[in-house]
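In structure tokens below, several structures.
Two complexes follow with chain A in common, the first pairing it with chain B and the second with chain C.
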Partner chain A sequence: MAKAKKRFFNKKLLFYCCLIAFPLLQYIVFYIYVNFNSIVLAFSSYDKVNNVSSFAGFQNFVDVFNEFFNSKESVSFGIRLKNSLLDYLIKTVVGTGGALFFSYYIYKKKLGGGLFKVILFLPQVIPGIVLTSIFRFSVDSGIVNIYNTLVPESSRIVSLLSDANTVYGTVLFYALFISFGTQTMMYLGAMNKINPSITEAGQLDGVSYMREFVSITLPCIFSTIATFLVVGLTTIFTSDLGLYSFFSGNAPGEAQTLGYYLFRLTNGNKTNLAEWPFISAIGVIFTLIVAPITLGLRKLMAKFDPMN
Partner chain B sequence: MMKSKFLACTLASVLSACALTSCDAGVTYVPEEKDDTSYLYIQVYQGGVGSAYLENVGTAFETAYNGKDGYFAEGKSKVDVVVTSSTSCNGNGLFTNIANNNNNLFVAEGMYYLDLAASNLLYDLTDIMDDTLSDGKTIESKLYEDQQEMLTVKEDKYFSLPTFAITTGITIDAEILEAGLYFADEGGNDRLQGRVSTYTGQTYKGRYLISSKTDKKSPGPDGEYDTYDDGYPSTYEEFFYLLDCMVQSNIHPMLFTGQSTHYTNYIFQSLLSANSTKDELKANFSFDSKGNKVKVVTGFEGDQPTISEEVITEANGYLTTQQYNRYLALKFLSCLFNNKSYYMEALGHNPATLGNTEAQKVYEESKFNAANGHGKRIAMLVEGAYWYNEAKGELVESAGKFEGADNRNFAYMPLPSKETGTVNEKEGKTVALADALDYYLVANNNIKGNAEKEKLVREFVKFMYSDAQLQNMTVDTGIPFALKYDLTDAQYEGLDNYKQSLWDAYKYSKDNGTYVTPMSDSLIFLNNTDVFSFKTTNRMFHSYVNGVERNNAYAAFTQYGVSAKDYFKGMWISSSDWSSKYLGA
Partner chain C sequence: MKGKIKNKISAGVIITGVILVLYTAIMAFFIYWAVMTSLKTNDDFVIGKNYLSIPKTLDGQSLAPWEWEWSNFATIVQFFDVENVFRNGRMIASIPFGTQALYTVMYAVGCAFLSTLIPCIVSYATSKFNYKFNVILDGICIVTMIIPIVGSQVSMISLLNDLNLYDSFIGLYLMKCHYANMYYLMFSAIFKGVSKEYYEAAYIDGASEFSVMIRVAMPLVASSFGLIFLMFFIQFWNDYTTLMLYAPSHPTISYGLYRVMTDSPGGTARGYTTVRMAGCVIIVIPVIAIFLIFRNKIMGNLTIGGVKE
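So, the complex of A and B:
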């Protein structure tokens, strides 16, 4: 009996294609096309009146260099860079550190752990703009009112968001608060996957909670931590700390980050094609800086992964 | 197995379709179209101006064209104009969705038409510009010269038309002035009894106030008697004298939203309109003072500015940022914001939470609340000309609640043009009024090739821009259109007090040839609208003080202790920056 020839394009492949088509299309449109277009734009100039693009060489990159280092924006650029780096540092140390401790607490099923889980998850299900409004209201009036009743009249403040000394700290706290729940949940998920026999063995050996956390839990979830650290690094040039939601295009100079600057510039020139090459050049420069650092950190993390 | 695969595929397709269609593509859902009717779809910006004014024009258009068999299309004898409003009906929103938008015409806010025209998104309206309208005029003849230049940058064609002249600044409760706070022409009542001037710190050199309603009022900032600004403060010195008198009379001078502090730049805009000539103000956008010399500050000796006079051209366009008028306006704002008794009490304990519509309510109700022993009456509100429309609901509610709340005596307040002393007859200047919200009409280029829609759009635009409809829309909204036309006496008399004051200011500027379109045909302007356009949130009003960006003078003065001089210097664009960033671009 002749064996039926197996067709290459069968129903299984069709099913696979159906599933993969949409994400692939999304990847092509929103990643490959967008990035390719940005690179092309970065080397172009645009004549709005005649609707003509032309090759501009490295002029846009020279303009970006001048804008950042040789104009009245220079000091602001320094502040934005400092704020962005500080944001990453604090999110890494306080955010990741705090989330690890918190998730460990919940993981160990200590008092109120379940309740904390719900509380931490709540911000994730509330729309961002609602959360921003609630937060804004509390730091503009609620907390401020309490503070003002406790201090002498000369020390009173109008709002944490409009005070030069408190605005950056306030938006940084907001950004930490927003990302805390997600991180905690992710770490908790990773911790729950740790084989109970390992922790039980540790307990039989009489290890303390701290020893278990450092020597068992952290190594077991290292890959999750590494992912957060690597992904976090990519946000150095994109994180806006919610500044646009709070202030639209008018965030105080002290609190601005590079991500906010780039977003505001893009949003302010949404329809102005003549500015897009300059903005694209900024994006390309940021990518050139952050891409090798991110790849390096990823390699480093893989090297130090105790589970490897 | 097959079943579950089929289900999975269907689910994936549905989810994909949902994801792809979830964006707002500007689609308006309308009742099913009838075969005998031609439909014109219009979208307006959902804001303070509302949409009723255009619905009324639509109804009039329907009445004029219904029954004309086959006029717009074979077999159709009726016309239906469908007007909807959307918050995405602005430059940004239309740039994204106009190509797939089923609306044919748009009245949009924040519209830089060239951005859309460059991408061939706008329908060419040139052909109808010199058609004779029902009033015997043409649309082009109703445009100001600078509008014509600005609107024909691309291929010498018109892709957009001006609509509202939405000015910004201070609204005053003129009833308060009538109770003895107008400036008197001669003599007058010195309510502050020789107190030194808050503005100059020296002996007050301005006029005093009227003692009774029958006293002759001063000629006001324009130096002409029997005009709309009679009795208003003509110098900064007089303005602060007025504020001090209000404080003394237990009246709270000023209120603005604390939530969006860029609204305070409305005063900045209004001051520039007041103290600049048409060419001086226009030069901020055209970088061309038309051969006229403009006062610019070249440096400071201590706190004293060194002033020179320069003709502004594109080559030295950076000098517009050094205009003396800007410095004067900042000195005024510094004096205003650094005296918290002028505004802080009305802002309340939580100024940052007071939104602009709440501020409108607080303002208009303050008269009645004060009469009932709750707080003080507030004299001025910092807002755009649209506020009266925006607060219509509140005003109607108040009229039902309080006696005397109907047609309140609110007025658009002309601001002083000079710094010290007073303005005598023939010594003043006419305000150079400018629209601050960039409201324009555009047509969707996706109607091209559709003879019915093209004819509908053309006929409707001609109908809308006839004097009769411009007048109707002005009466409906109270806001003038930035075009050359007039109201009849009866129409003017029928307007509320506030609407009359807006028309007065506009007409005065129009008739004196000082109305300014804050855009130009300069490529430097067109390529950098986020830097040079007359928007309160844009960089035109930003400053870099010690290198740190400050977004508005109010925050800089009150929270960061910045001086007017430092804020002003932080606004300058250097000659080298101008050459590298703008001139060569």
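So, the complex of A and C:
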């Protein structure tokens, strides 16, 4: 009996091992090794002529800092950093604020809520390249042309996306416009989990919608909001505002972000091994900046969570 | 006093409603504009300056639907061809729309299936069997989700090259067999809620561990599995940057559209706005259809804490 029990236990363990072996191996190779290799690459250099890699110490990091702060590129880096921070700020304030109001409107089952839910989520479903194309052509070949037919010749504009003064504002508007969907759905999901007896008690006390929103709804969904704020931090270094879909590798300098710069650099050098150490060093620097801030903000948010 | 507050509240609701109506109007305008533009002749659009209304003749007469420029759709399909692609050091003359459609199905279906299956299987293992190693698997998932890592793409390309899997579907599939994501937590929440009695009954009937998983556990998560598969499918259908980086000689139709939209050889139909919009309409139809059919499931089940059963 004991033997049979032991054999059964071993069968279970064997089955368990079979289930987790491949995913674990995949994780070790495609996550741990890849990120470890990224660090190794950041400390190496590649000799194209002899086709060998060697240890380069901190040279790649020095090169990155020189590129960002002591070269012609430093102006571009400043613009990219400013654009990326502004993108995060606007999306956090307007994007999160808007999504909260929209989700509350739908949560309260106000007029047209079901339709608005579908419309707000549509940009998450439509391919980014399609949305950027429609936006680009409808703005430049549609709205701009309509505007030009209505105003005198002296006031005409050529294009919102090729004018240095308007290009960043235009792509930022686009990025904000398509950003509401996921957040709205997540907040709505969290709001629907609020115990109805809490809101009913508030309604019996005669609290207004705004008071209910501020005093009941927001505290109840604080952890969801905090998650978005924390996760959103990474976008400072990864968001490209759809620039690659708009302009491929030729986005105007005034509109570029750090995420776009890094992706363009990676895509442009995917077969150029000599550039990989430099790109990896940028990735390591960005990660070293964003990881502690993310963890710190996460702790801070947990501290301020009114439900704790 | 109370009445005054209520008026203000109503104003807040009205303002939000008005913003949402405006948002809907802009979105509707984009869709209308894209569809209508895709059905116009280039002359109607450029010379006739017909930017907003339905297709017309050059002397301004509205056309009936059967007279609209439906041939734009056939034209754009030809311009989807991705030319001068290198694979294994050799140049491939051209990858036509049909091949791109095949690659799209292979990429979207294969990656969506694996991206759903792997978290599902691991969460079944950690929920069903009570081993200490589960803590490590859970911990890996949480840590991976919390710590953001930027710029490891070149390292991934390097690994795929070393494994001789760069620019191949197997390489892409292996990349997507990643269990440590939010769907692992979602599946875990579902499996932990399954009564042990289901499993015990199957054991009594002589079922093996594999049979219990396939015949008892999996049907219980089938609807969530389908929903997550759909969300991944839409995501991969729309994705072109992954293929651009890791499988550049296997363009999907999203990648083909990206080429159409960003390459502008003068004098070809690629440069015409009307034909380009036809390309957008072609790509968007399948995902919009899937979304509209399953919209309540997709949107109703989207929460950060887990998929509601």
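The rule is short, and it goes like this: the second predicted complex is superposed on the first by the 278 of 308 C-alpha atoms of A that agree within 3 Å, B and C clash if a C-alpha of one lies under 4 Å from a C-alpha of the other, contacts with A are read in each partner's own complex, and residues count from 1 in each chain.
The working rule: contacts are C-beta pairs under 8 Å (C-beta built on N, C-alpha and C of every residue); 3 or more make two chains touch, one makes a residue touch a chain.
Note that the structure is a prediction, hence the values are computed from the model and not measured.
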Looking at the overlay on chain A, is there a clash between chain B and chain C, or do the two fit? clash
May I ask you to decide whether A:254 touches chain B, chain C, both, or neither, giving the answer as first, second, both or neither? first
Quick check on the superposed pair: does A:163 touch chain B, chain C, both, or neither? Answer first, second, both or neither. first
May I ask you to decide whether A:274 touches chain B, chain C, both, or neither, giving the answer as first, second, both or neither? first
Output check: A:195 vs chain B and chain C. Expected answer is one of first, second, both, neither. What do you get? neither
Per residue count on chain A, the busier partner among chain B and chain C is C
Determine, under the contact definition given at the top, whether A:71 touches first (chain B), second (chain C), both, or neither. first
A:110 in the overlay: touching chain B, chain C, both, or neither? Say first, second, both or neither. second
Classify the contacts of A:224 with the two partner chains as first (chain B alone), second (chain C alone), both, or neither. second
Answer with first, second, both or neither: which of chain B and chain C does A:79 touch in the superposed model? first
Let me test your reading of the model: by the given contact rule, A:286 touches which partner, first (chain B), second (chain C), both or neither? second
If both complexes are laid over each other on chain A, which piece of chain C (111-119, 129-137, 237-245 or 291-299) hits chain B? 111-119
Return the residues of chain A at which the contacts from chain B and from chain C coincide. 11, 15, 19, 22, 137, 141, 145, 248, 267, 269-270
Which part of chain C faces chain A closely enough to touch in the complex? 2, 5-6, 8-9, 12-13, 16-17, 19-21, 23-24, 26-31, 33-34, 37, 45, 49, 51-52, 118, 121-122, 124-126, 129, 131, 133, 137, 140, 144, 146-159, 174-175, 177-180, 209-210, 234, 237-238, 240-241, 244-245, 248, 254, 257-258, 261-262, 273, 276-277, 279-280, 283-284, 287-288, 291, 295, 298-299, 302-305
Note: in the complex, chain B contacts chain A through residues 5, 8-9, 12-13, 15-16, 19, 91-92, 95-96, 112, 114-116, 118-120, 153-154, 261-262, 349-353, 523, 526-530, 537-538, 544, 546-552, 555, 559-560, 570, 574, 577, 580-581, 585
Along chain A, where are the residues that touch chain C in the complex? 11-13, 15-16, 19-20, 22-24, 26-27, 29-31, 33-35, 37-38, 41, 98, 101-102, 104-105, 108, 110-112, 115-123, 125-138, 141-142, 145-146, 149, 177, 180, 182, 185-186, 189-190, 192-193, 206, 208-210, 224, 227, 231, 233-234, 237-238, 244-245, 247-248, 262-263, 266-267, 269-270, 276, 279-280, 282-284, 286-287, 290-291, 294-295, 298
Complex contact set, residues of chain A against chain B: 11, 15, 18-19, 21-22, 48-49, 51, 63, 66-67, 71-76, 78-79, 137, 140-141, 144-145, 158-159, 161-164, 248-254, 256, 265, 267-275
